[in-house]
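What follows is chain A paired twice: with chain B in the first complex and chain C in the second.
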Partner chain A sequence: MSIFEYNGAAIVAMAGKNCVAIGSDLRFGVQLQTITTDCPKVFQMNDKLFLGLSGLGTDAQTLHEKLVFRHNLYKLREERSMKPTTFAHLVSSVLYERRFGPYFAGPVIAGLEDNGTPYLCGMDSIGAMETAKDFMVQGTSPESLYGMCESMWREDMEPEELFETLAQCLLSGVDRDALAGWGSVVHVITPDKVITRTIKGRMD
Partner chain B sequence: MDYLMGVKGPDFVMICSDSAASHSIISIKKDEDKLIPIDSNKLFGVAGEAGDRVNFSEYIIANVKLYALRNNTELSTKAVANFTRGELAKALRKAPYHCHLLLGGYDKSTGPSLYWMDYLGTLTKLNTGGTGYGSMFVLSLFDKLWHPNLTEAEGLDMMKQGIAEVKRRLVTAPSNYIIKIIDANGIRIVKNWDQDV
Partner chain C sequence: AAQLFCTSANMSRRYDSRTTIFSPEGRLYQVEYAMEAISNAGAAMGVLAKDGVVLVAEKKITSKLLDTKAVGVRREKMYKLDDHIACAVAGITADANILINICRLAAQQYHLAYQDPIPVEQLVQSVCDTKQGYTQFGGQRPFGVSLLYAGWDEHYGFQLYQSDPSGNYGGWKAAAIGAGHAAANNVLKTEYKEDITLAEAIPLLVKVLSKAMDTSLSADKMEIATMTKDASGKVVHRIFDSAEMQPFIDAANAEKAATGAAAP
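Moving on, here comes the complex of A and B:
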């Protein structure tokens, strides 16, 4: 088994009309044994920025701690929060620092720019960035997730519709993945608020 | 292989481990205490390679004590859990410690908490958990038996059922176990197979 599949995860982020949504599964397991079913892989960095981390659990936790630290320092120095683009480049830079002994994590960044435009970015474990205007997926069964997203995504979805679409993509996408699932959590980010919903899916 | 199981109730944490210490086919001792107190209200259950088990737990306990002496304040269970995870993660790419841990603690402000850590430094908070081959037979049993208002007697019964299952189904099941509980009054031994407390 690959080191990226030791713990298992599924992360999907989607862009809508002046809103962005990101969701992950809730399973925490070690290879084929499930340990807990309340471990989300998406973390809030500031009020308009979310980071999803798939891959090896310990590296995802270490990276999250490092990035919170860097973001907090930035806030103290600059007296403002980081923009999504800046944060994405920070993540890429932190990952490439370990080019020849990398963190085994797959980040997805979802945020709203100052003018409300959605920002979506995904990268591999050494920081190769790709931005997208529609959706970004990461995890142990990206093919299933890509398939679902490609067929269900449409342009300019309102927050409620965006939530429904993302939730269905995530729930169906993890059904073919033994290492991800056991419920999911979805955050919808709009210019004035963030709505978080926990979804009960197939518990297997 | 080491057996480690933990259960959290509304006002206590109970941890059980086997007490066998062996070296390949030789049984060295049957009364090895793998549930090591960190301070008066926190406990490490450590499973894994013998040298790493003792070395790592002593290292963490020493650092927790040092912090308390320097800053004149005790660390919370959550802080100790995250500190331990950090040490495991730091050592992972240098000289990894081959031990799995269960950390159980009772804080006056937040109540009981149980944390699970593996040798890679993955940390998670849980209600029931464990490590080892024995735990594979017991985890789903505990999922069925656990409920949010668990009493101490029910917790002990769960542990006994778990041990019975391990002895029934695991080929090289250990013969002796030790169960400790952490609650508002601190740490005490609930049952010790060897001394039949």
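Moving on, here comes the complex of A and C:
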């Protein structure tokens, strides 16, 4: 089994009309054993920026803690929060620093720019960035997730519809994945608020 | 026999050139000179209240040409070190910037290692250990900065600390650094009372500052910051803007004028 599949994860991020949504599964497992079902893989960095991290659990955790470190120092020095593009480049930079002994993580960044435009970005474990206008997926069953997103995504979805679409893609996408699932959490980010919903899916 | 000892009256001249050396009388002249530099710098003072900590400082750089919107120039004395700790500086601004950065890094490094906010005293200790190093090795001069740290942690609640170039620090109920600090400390000794609230501490400090400053107070010549908890229990660091400072300034100036008029 690949090191990226040791813990298992599924992350989907989608862009709507002046909003973004990002969700992950809740399973924490060690190979084929499920340990807990309350482990989200998406973290809030600031009021309009979320980071999802798939891959090896310990690397995802450490990477998140290091990025909080960097973001906190940035906020103190610049007296403002990081923009999504800036943060994405920071993540890429931090990953490439470990080019020859990498963090086994698959990041997804979802946020809103200052003017409300959605920002979506995914990268590999050594920081190769890819931005998208529609959706970004990471995890142990990307093919299933891509398939669902490709057929369900439409342009300019409002927050409520975006939530429904993302939730269905995530829930159905992990059905065929033994290593991800056991419920999911979805955050919808709009210019004025963030709505977080925990969804009970197939508990297997 | 060769004369082994110099009998010059001013022995200190031989020892000043090396910062990390004791003088024959057992003094560290460079550290003392650093403190001298600070007593000519803009005053800063703080009071620990039941419900928070307040810091007040005098700005020395008040040119109209200053671009007050540029980051880094917007404030001269008050800085945030972490979500739960802030400080006021007195002394050489360039030195202060380095120390503030060191404080911020120390706080984040602690948080990275322990996933917990750094206790206030630990942060003060860690910075003071750095400052002490500059008095003992490296041949570099000490930092010409004194700091007042205001913070909250779950172990000891609200706290106020003061550190100086020697690397020494103390925890205080009220403290003053910079120009006029001796007089300010005297006033604080008589006026401070246990269980003082923040609402009482702010006007007290503004009054003490106005006594320490030669000119009358105005919003562009001073900074006020508080460390409190909001309704939900979250620690909040607030730097007052001019509008918020004005009522306190007016009250202090009025009192100064009244006592000035009453004195013979």
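Here are some notes:
Throughout what follows, the second predicted complex is superposed on the first by the 204 of 204 C-alpha atoms of A that agree within 3 Å, B and C clash if a C-alpha of one lies under 4 Å from a C-alpha of the other, contacts with A are read in each partner's own complex, and residues count from 1 in each chain.
Keep this in mind: a contact is a pair of C-beta atoms (placed from the backbone, for glycine too) under 8 Å apart; a residue touches a chain by one contact, two chains touch by 3 or more.
Everything numeric in this text was worked out from a predicted model, so none of it was measured.
Partners chain B and chain C, once the complexes are superposed on chain A, both fit on it without clashing. Of the two partner chains placed by the overlay, only chain B lies in contact with A:C39; chain C stays clear of it. When the two complexes are overlaid on their common chain A, residue A:D114 makes contact with neither chain B nor chain C. Look at A:E79: by the touch rule set out above, it reaches chain C but stays clear of chain B. Of the two partner chains placed around the shared chain by superposition, neither chain B nor chain C is touched by A:E155. Of the two partner chains placed around the shared chain by superposition, neither chain B nor chain C is touched by A:D204. Counting the residues of chain A touched by each of chain B and chain C gives the higher count for B. Of the two partner chains placed by the overlay, only chain C lies in contact with A:F69; chain B stays clear of it. Nearest C-alpha atoms belonging to chain B and chain C sit 5 Å apart in the superposition, given in whole angstrom.
Looking at chain A, you'll find residues 65 touch chain B in one structure and chain C in the other. Every residue of chain A that touches chain C in the complex is listed here, in rising order: 65-66, 68-69, 72-73, 76-79. Those residues of chain C lying in contact with chain A across their complex are 71, 74, 80-83, 101, 104-105, 108-109, 111-112, 115. Those residues of chain A whose C-beta lies close enough to touch chain B in the complex are 6-7, 28, 30, 33, 35-36, 39, 56-58, 61-62, 65, 101.
Partner chain A is touched in their complex by these residues of chain B: 85-86, 88-89, 92-93, 116, 118, 120-126, 129, 136, 139.
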